[in-house]
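Take a look at the structures below.
One chain, subunit A, appears in both complexes that follow, with subunit B as partner in the first and subunit C in the second.
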Partner chain A sequence: MSARVPWGLVAFVAALFVPALGSRFYTFLATDVVIWALFATSLNLLVGYTGLVSFGHAAYFGVGAYATGILMKKLGVSFLLAWPAAGVFAGACAVVFGFFCVRLSRIYFAMLTLAFAQIVWAICFKWNELTGGEQGMPEIPYPDFGWIERLGGRLPLLGGWRTAEYYYFLTLVLVAACVWALHRIVTSPFGRMLTTIRENAERAEFIGVNVRRSELVAFVLAGTFAGLAGGLFGIFNRGVFPDFAYWTKSSEVLIMTLLGGMGTFYGPSIGALVLILLNQQIVSYTEYWPLVLGTILVALLFGFPGGIAGAVGAFSGRLLRKVRSA
Partner chain B sequence: MLEVRDLAKSFDGFQAVAGVSLDAPRGSIGAIIGPNGAGKTTLFNLITGHLRPDRGRVTLNGRDVTGVAPHDLCRLGVGRSFQRTNIFPRLTVFENVQAAFLSHRGRGWNLVTPVERLYRAEALALLESIGLADRTDEVAGALSHGGQKQLELGLALALEPEILLLDEPTAGMSATETREAIRLIERIARERGLTLLFTEHDMEVVFSIAQRITVLHQGRVIAAGAPDEVRRDEAVRRVYLGERH
Partner chain C sequence: MPDPSFVFAQSLSGLTAAMFLFLIASGLSLIFGVLRVLNFAHGTFYMLGAYLAYQLMLWLGAGPGRFWLAALGAALAVALLGGIVERLLFRHLYGKDELYQLLFTYALGLILSDAAKIVWGTQQKSVSRPPELAGSFSLFGATIPQYNLFVILLGPTIALAFWFVLQRTRVGRFIRAAALDRETLGALGANVDALYTRVFMLASFLGGLGGALISPMRATVPGMDTEVIVEAFVVVVIGGLGSLWGTFLGAVIYGQVLSFGILFFPRFSIFAVFALMAAVLIIRPWGLLGRPLR
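Now for the complex of A and B:
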């Protein structure tokens, strides 16, 4: 019966109450987690559902962040247009890069995604006029929340928050909508076709699946949603920098996906939550965070190949059987 | 309905298939036999578009389908099963067959409809007819070898083929499993009026159901015809039957 609980909705409602705890730091952490959860979930469309391991997913995150950042800061475009633009630009990049990547298989696919991501990073790093180069682009403005303030005077609960808190609510709602859309996609016939490609691409072709084109569509969708996550992150971070597209960001999001469990839809979100909280905790004790991270990963890959969500699922399944048989 | 003319393919100078011609008339049951390395699987891969032939032609109902990609060919009515069992191991039995229905009926690009209820009745009816009705919710990879072969046949049938190419449908099966599998294949071919073309190691199977037999040796056809003719053929006795008996 556990599968019937709408976990996504439960998590969304719970997350709505984070700012009510009254700590700016918690709200800050929660915004970080929510955005990374979308980023990791978008990657999982490729890794977990289609069986394509991308080492360069940060490219689309970076493109999205720059698109929204440049439009809002330099051109004064409203968030209402600048945020969807992140998805459009990142998706367009994914069309071009994906066209080449899906022609290769496995390790070559992974290396080519990495190569394209490094190209994006290099462009962000060098193109001073557009991206601010090495210095990045600080002081991206927040969206305008004045209208809520004016409305809030008349409605209870709506007014009286700080800008960062309004931004958290906005982020939460937009990410929830994106995650809902991704959930629709993976439970659609197209999503089922992607899993057949993951399981056995040769056979998939012989039930009539156009493998390459399906992979490309998955690649573009994943890139688009990563771009939307990037657009939100640039504003949250109060600036966009070249390292958004750097390979370390790609590996971070891949680790989240593996840590949480790529076999389940919400696994990567759990991975984002756990990794960010762990990072916060451990960094205050030791400077050897990467060492701790590496140890966790090794333990995970050997002990719980299904990630946290996989382990919890197996454990609760065993518990349920025990309860029933008792 | 299927005609193969002078099909050839070589790999790095090795002539795997060297000018093979054969016919599979509508409703016929044909077998391709030959010793290991005779080119049977390569021939299948050429017919189904997995490999591009160096020369030669494949026509289906008078239409040239040489080198047509597999995902297009199966829309034209060619179903295929593989020598190594070829299913989607971590999907359930039901999901395997349902995926084949979805793809074949052109629903594979639908990104919004929940998938669970689509083609449920069709998939269950098909699983019933291939004898897997009581295993629908099992993970396909957990089925026995024979069960996986049955499921593979189900995947091919979901595409409503007119002609079915089976590459060693009883490979790795016990004697009992082989008999059951053959009975199943024969019954389904009859019920659906399928044209059948298969490769097979087991001579008993071949001579019990095939109406036409084509014998391959070193990439060439050395004999073709009804079972009795082939059985009496001198060349066949020498290169093939002689080796085994």
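Now for the complex of A and C:
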């Protein structure tokens, strides 16, 4: 599907126009979607492409959020340094945790990732001096957008937005860059190797692939990008809280990935979009969002195991064949 | 060094928590051992057990032994629910990707816990202790509620009964055989489908019973399910998934680490528990008393 139409680029350009709709709320939602899309896409590198089901991906999201948050709020570091630091810290954690995790097979892998994520959560929850403990760390400052304002006087379209809108543009550009990088990774020879490992790790080993090391690299990459997503999210959320690393967050992002379709590159982003819009719609009718979400999940598991992207792909494939044979 | 009677009391309180965890975790471990699935909804079954016990207590009004009737009724109702869910839904996911089974149990947990919120609201519910065990007594200078002692004795009793069923009865032999090789068992003519339903019901019963029995000690609130499921995971992972005595040992270790952790390092006791879990997974992924999977 994506061979001829650059869907990623189309979505990026379309997303640029969201603030032009003039609604603060749409911009808010769009920022949320964009960040979660990166988070889910990073998880997909593990779950969809490498076949490693991580149940603790929120750990890296949380580490990234705290890294950026602490650097910007407590130490007054600029966003330019604090945001990449999210990736560095999360990636470093992923190196340590991943080193142990990739030694285990399937279900034990999932459990160890969960255990490490809960350790991260416990630290965030209890280390009051550094993380603010249970209360979290509110009031993370926005990056400084003054320079755009100064520049904006001279260039059309650039000036006159609200801070939240500047932040949305910044998030969109950064996430697009990350997603582009992830796309390069999965289409590279290394990415193909990961898919080989997913399909048959033993055979991959036979043809000379260092399975463990490749898995570890995938784990660290996924963790780094999750951390970058977390760094953006903490600022967007105006605060960082321990539940960023709690296991329910890990399952949320796993659901997005599954809902959108594992193994398809844009599936998880679609999952993030659908789930967040759905949540926003349903919450305005009823407080029982988990009930609705659970029901959707059950329907999905029984009806469309390929997720949204899988269903759309199958449908458009059928349509294409019909058009061609006609 | 703190006062010895205090240490003793602390250790007993850890043991009480451990026996509850054992009740819950043994169901989780049983399902994993036979069906090879981590049942995320198990925590919700536990919560439903607590709510149902509260509800039945209300309905039964005043009467002798009403707590025991309510607890048993709640556990049976949860077992029935588990059986229905297995028969109607979960059955169709056998043979599919583990991830789908995992997500199904997670979705089930979401649905059931929200349903409980619809029925019982968000206000906390509490159940009074059965009058027979409302008192307390002193031992080595520590005051111990009778109900706690009952729970401490109940844990090993259930473990022994469970062990007896597994080792000495026909159903138990089938369960052990299914854990080892379900296909061969089916090929030999055993009714594996019915066995799975029974296993699911038994596991749900244990979860529901745990919830019902804890209701006099802790308030029943929404969210108790996501909390307990993580604790139960830690227990089964430390002890060994699918291993009965491993689960027992895991529960005892968990209870002691937590209650002494709170005593000596109040801030890092939760941390210690998860670190222990990670250490076990790294050194012996199949747990202290478990066996490696094929």
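To be clear about the criterion, the second predicted complex is superposed on the first by the 324 of 326 C-alpha atoms of A that agree within 3 Å, B and C clash if a C-alpha of one lies under 4 Å from a C-alpha of the other, contacts with A are read in each partner's own complex, and residues count from 1 in each chain.
To be clear about the criterion, a contact is a pair of C-beta atoms (placed from the backbone, for glycine too) under 8 Å apart; a residue touches a chain by one contact, two chains touch by 3 or more.
Everything quoted here is computed from the prediction, not taken from an experiment.
Upon superposition of the two complexes on subunit A, no clash is found between subunit B and subunit C, which fit side by side. Of the two partner chains placed by the overlay, only subunit B lies in contact with A:Arg203; subunit C stays clear of it. In the superposition on chain A, A:Val53 makes contact with subunit C only, while subunit B stays out of contact range. Judged by the number of subunit A residues each one touches, C leads among subunit B and subunit C. Seen from the CA centre of subunit A, subunit B and subunit C lie at an angle of 80° in the overlaid model, rounded to the nearest 10. With both structures placed on the common chain, the touch criterion links A:Ser251 to subunit C but leaves subunit B unconnected.
Touch criterion met: A:Arg106 reaches subunit C, while subunit B stays clear of it.
Of the two partner chains placed by superposition, A:Phe265 touches none, neither subunit B nor subunit C.
Of the two partner chains, neither subunit B nor subunit C is touched by A:Phe233. In this overlay, which is a superposition and not a single complex, subunit B and subunit C have their closest Cα atoms 13 Å apart.
According to the touch criterion, subunit A has no shared surface contacted by subunit B in one complex and subunit C in the other. Listed in rising order, the residues of subunit A touching subunit B in the complex are 184-185, 187-193, 195-196, 199-200, 202-211, 214, 217. Residues 36, 38, 89, 92-93, 96-100, 102-104, 106-111, 113-115, 117-118, 226, 230, 233-234, 237, 267-268, 270-271, 274-275, 277-278, 281-282, 285-286, 293 of subunit C are the ones that touch subunit A when the two sit in their complex. By the touch criterion stated above, subunit A contacts subunit C in their complex at residues 47, 53, 100, 103-104, 106-108, 110-112, 114-116, 118-119, 122-123, 125-127, 247-248, 251, 254-255, 258, 288, 290-291, 293-295, 297-298, 301-302, 305.
Those residues of subunit B that touch subunit A in the shared complex are 48, 50, 69-71, 74-75, 80, 82, 86-91, 95, 98-100, 102-104, 107-116, 118, 155, 158-159.
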